[in-house]
Amino acid sequence: MASFWAKEVPATILVAALLMWVMPMMIGTYTLTVLVIYGMLGFSLGLIWGFGGILCFGQAAFFGLGAYTYAIAAINIGDSTIPMLLAVLVPAVFAALLGAMMFYGRLTDVYLGVITLVVTLILFKFINSTAGPEYVIGKARLGGFNGIPGFQTLNVPGQPNDYIYGDPYYYFCAILLLIVYLLVSWLLKSSFGRVAVGIRENEVRVALMGYDVRARKTVLFAAGAAIAGLAGALFANWGEIVTPNLFSLGQSAEIIIWCIVGGLGTRIGPIVGAAGLAYLKFLLGQQSMIDNTLLTGIILVLFVLFLPKGLVPAIASLWRISFGRRRKLPRHGARRIRNGGVGNG
Amino acid sequence: MAEVVLETVGLTMRFGGVVASDNVDFKLRAGELRCLIGPNGAGKSTFFKCVTGLLTPTGGQVFMRGHETTGWNPHQVAALGVGIKTQVPNLMDGLDVFENIWMAARRFLPMQDAMRKTTEVIERLALGPIARTELGRLAHGERQRVELGLVVAGDPWLVLLDEPAAGMSADDVERMSDIIREMTRTAAVVIVEHDMQFIRSIANTVTVFHQGAVLMEDHVDRVMADLTVRNVYLGKKA
Amino acid sequence: MDLVFVIIVEMLYAVASLVLISAGLAIVFGMMKIINLAHGEFMMLGGYVTITAVSLGANVFIAMLIIAPVIVGLIGLVVERLVIRHLYGRLVDTMLATWGLSLFFIGLATTIFGNTTTGISTPISGFTVGDYQVNGYNFFIILIAIVLLGLMYAVLKGTRLGLIARGAMQLPDMAAALGYSPERIYMATFFCGSALSGLAGAILAPLVGLVPTSGGAYIAKAFITVIAGGPSLITGLMASSGLFGLINQIFTFAVSPVMGEVALLVAAVVLLRLLPQGVTGKFFRGRM
């Protein structure tokens, strides 16, 4: 733990600061902001899936809940501070309840995936149908497929007219991502984090040691949802509108693809995968030669077949082979994580 | 007489029409070492699973140190201070030996003590050379040893081992016998086993299972000599 | 009395469409333990093949019942050989790869057919029962669903092929030891499953305007129905389709179509929570 504070934290902050400073020179901050937000979203799934072994097909549900909570709260309150907090809390509480239902029911693997998928669908279908004027929370109309526009965006706490947008907003998001990253890193090094990884490996064994696996999974699940909710709130501020698409199956699929491509089981992987693929989509969207969806599909298939561990571990291996000392590489890898550890499913 | 640390009263486990455990009454006292033997399908492992919470019995009761634990979850049983080793080694394959044992120690000890305890256990079980090796890469015998280490690391007062000698070399088995004998100084131990030599070397009282029920419970020599037991089980030279 | 008749027909229709939508996925999941997330797209392709065949002059029923299944079955075969084959035993990986394939097919269909809605009219006209208008096509769908279930049962239980397939599904190594190539069996099974998906898509095509993204509407329902069905292929399919179809219709009548959909999804969550192994994991065990 000592080396974490002495070496890893300063190194991370340094690298992050460098990136934060350099990236805007290559990509506009408006685009960069959403890449950072997607990075945070991918990171949330990377935490619960890569480290916790919880396959969630509906991470988008928490993303959407965070965004919608922010929008609705902002319209009703007028200042952005409390809505930001609520946007983190509401998805976390929802996830805690959902998680408790699933984990205490001993649901595993595929069945977990199905239920999380279904929950996302329920939310999507429901919100999508709330276009009528009778669907209101306080002063905010849910708006159905039109979404909710025109809410108070991020302001300096207490000064509703002092907005944070544009470049400052980019730095705000980037710093938040850094903070989240450091917090999670600390969590993973703590006893809770190490036991969570143990649960991913073999939950029967961890239970036989006397740990309450169900409670721990629920907590981790809620933590991931909180991060996704935060990303949702940041997205709401960036896009200045929230729509049911945030809950969509497509969005959930994208998050999963980011993790696979980036590298499950690493912290940086999902962030890189998310930002990279989102940027690729942005670039592809500019051209009309080959269909977007077709390319995304091919990329996913190729990665599953040939680079199942994802980009980051592959690059890390390459680095080690080229420059590093020869030492045994861990064999567990992303494949085992994805297809279930012992005692799971 | 030492206190009764584990007791079952009329423990029954039915799977549909099959009665895997048939009205089993069982008593274990502090510091005792008991071996459960019997042919395949006799109900030893089912009994084991009912006691550890891996199965919920369909009838009867389980008591640990006087408290009823019938139908408890495995983690609740383990949290009482019971060490459990399953028939097929249940280990965290992607993590190394140190991490596996640390997790067991950490359950009952604060961080620093847990680290110390882990190093202690690793030394005691001669796991030093492989301490940083991933479990998935180890041979079966080594894995069994690590699992034993897991059990020991929790400082249990009751130890339940399902086939600890399976797949182990003679040296390993001897080392394990030493450790188990040491364990009985602080814990009561129940071992489900097939390896007759191993049982002879450590056992005192032996409980024989047959068709889900207890056939006989007596000193190991008397059990081995008994004709009924021989007919039921010891068809070959032990 | 007329109302009762109409309601019964609508209920049967809801169940029948679930059966149709899920059959292809059920075969592939039940026999090979593979979750083919491109199933919805196979259905979509079945629809497009039908439309194309009809526009080239084929009889609509032949296009729906023969041409579409065969072609989509062949597409499935190619998919199996190229992609699925490498991922056996890796459940989540097959889900991800087939998800990628589904995106690929959507993109492909968009490139070939464009984004606009195409459609064909239902080949069977409606008729009146008392005061109510009944869609004749619904009967056709109910009929096909029944025939399909019967056929599946007959093949699996009655033919040697079915027996071999069931054996391979239980214990592929043993089947191999007995001289049957599990590879061939998987190929054939995936072909049949894809063909069924194509058939379902072809039959359901006249009811909705077909777009490349139509598959998305089906996959979730099919997935849920199959998983909730449990290990028994046909019994499970009937059980979950029956249950969900009924609930869907009841809420559609009582409240609104959207609520009907939501009710189906909620029912799925509740069911899986109570019966994590699916319906036939607990009831009707051991049946086909």
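When the chains are written out, they are named A, B and C in that same order, and each has its own residue count from 1.
Convention: a contact is a pair of C-beta atoms (placed from the backbone, for glycine too) under 8 Å apart; a residue touches a chain by one contact, two chains touch by 3 or more.
From a predicted model like this one, the values you see are computed outputs, not experimental measurements.
**Q** What are the mutual neighbours of subunit A and subunit C in this structure?
**A** A chain counts here if it touches both subunit A and subunit C, and no chain qualifies.
**Q** Please flag the chain sitting at the greatest distance from subunit C, going by CA centroids.
**A** Looking at centroid distances, B is the chain farthest away.
**Q** Centroid from C-alpha atoms only, then distance subunit A to subunit C, rounded to Å. What do you get?
**A** Roughly 32 Å, centre to centre.
**Q** Can you give the whole-Å distance between the Cα centres of subunit B and subunit C?
**A** For subunit B versus subunit C, the centre distance works out to 49 Å.
**Q** How many angstrom lie between the CA centroids of subunit A and subunit B, rounded to a whole number?
**A** Subunit A and subunit B have C-alpha centres separated by 42 Å.
**Q** Per the contact definition, I'd like the list of subunit A residues that touch subunit B in the complex.
**A** Residue positions touching the partner: 191, 194-195, 197-198, 201-202, 204-213, 330-332, 336-337, 341-343.
**Q** For the complex, which residues does subunit C have touching subunit A?
**A** Touching subunit A from subunit C are residues 35, 83, 86-87, 89-93, 95-97, 99-108, 110-111, 216, 220, 223-224, 227, 256, 258, 261-262, 265-266, 268-269, 272-273, 276.
**Q** Any idea which subunit A residues touch subunit C in the complex?
**A** 55, 101-102, 105-111, 113-115, 117-119, 121-122, 125-126, 128-129, 249-250, 253, 256-257, 260, 290-305, 308, 335, 338-340, 345
**Q** If you look only at subunit B, which of its residues touch subunit A in the complex?
**A** 52, 73-75, 78-80, 84, 86, 90-95, 99-100, 102-104, 106-108, 111, 134, 136-137, 150, 154
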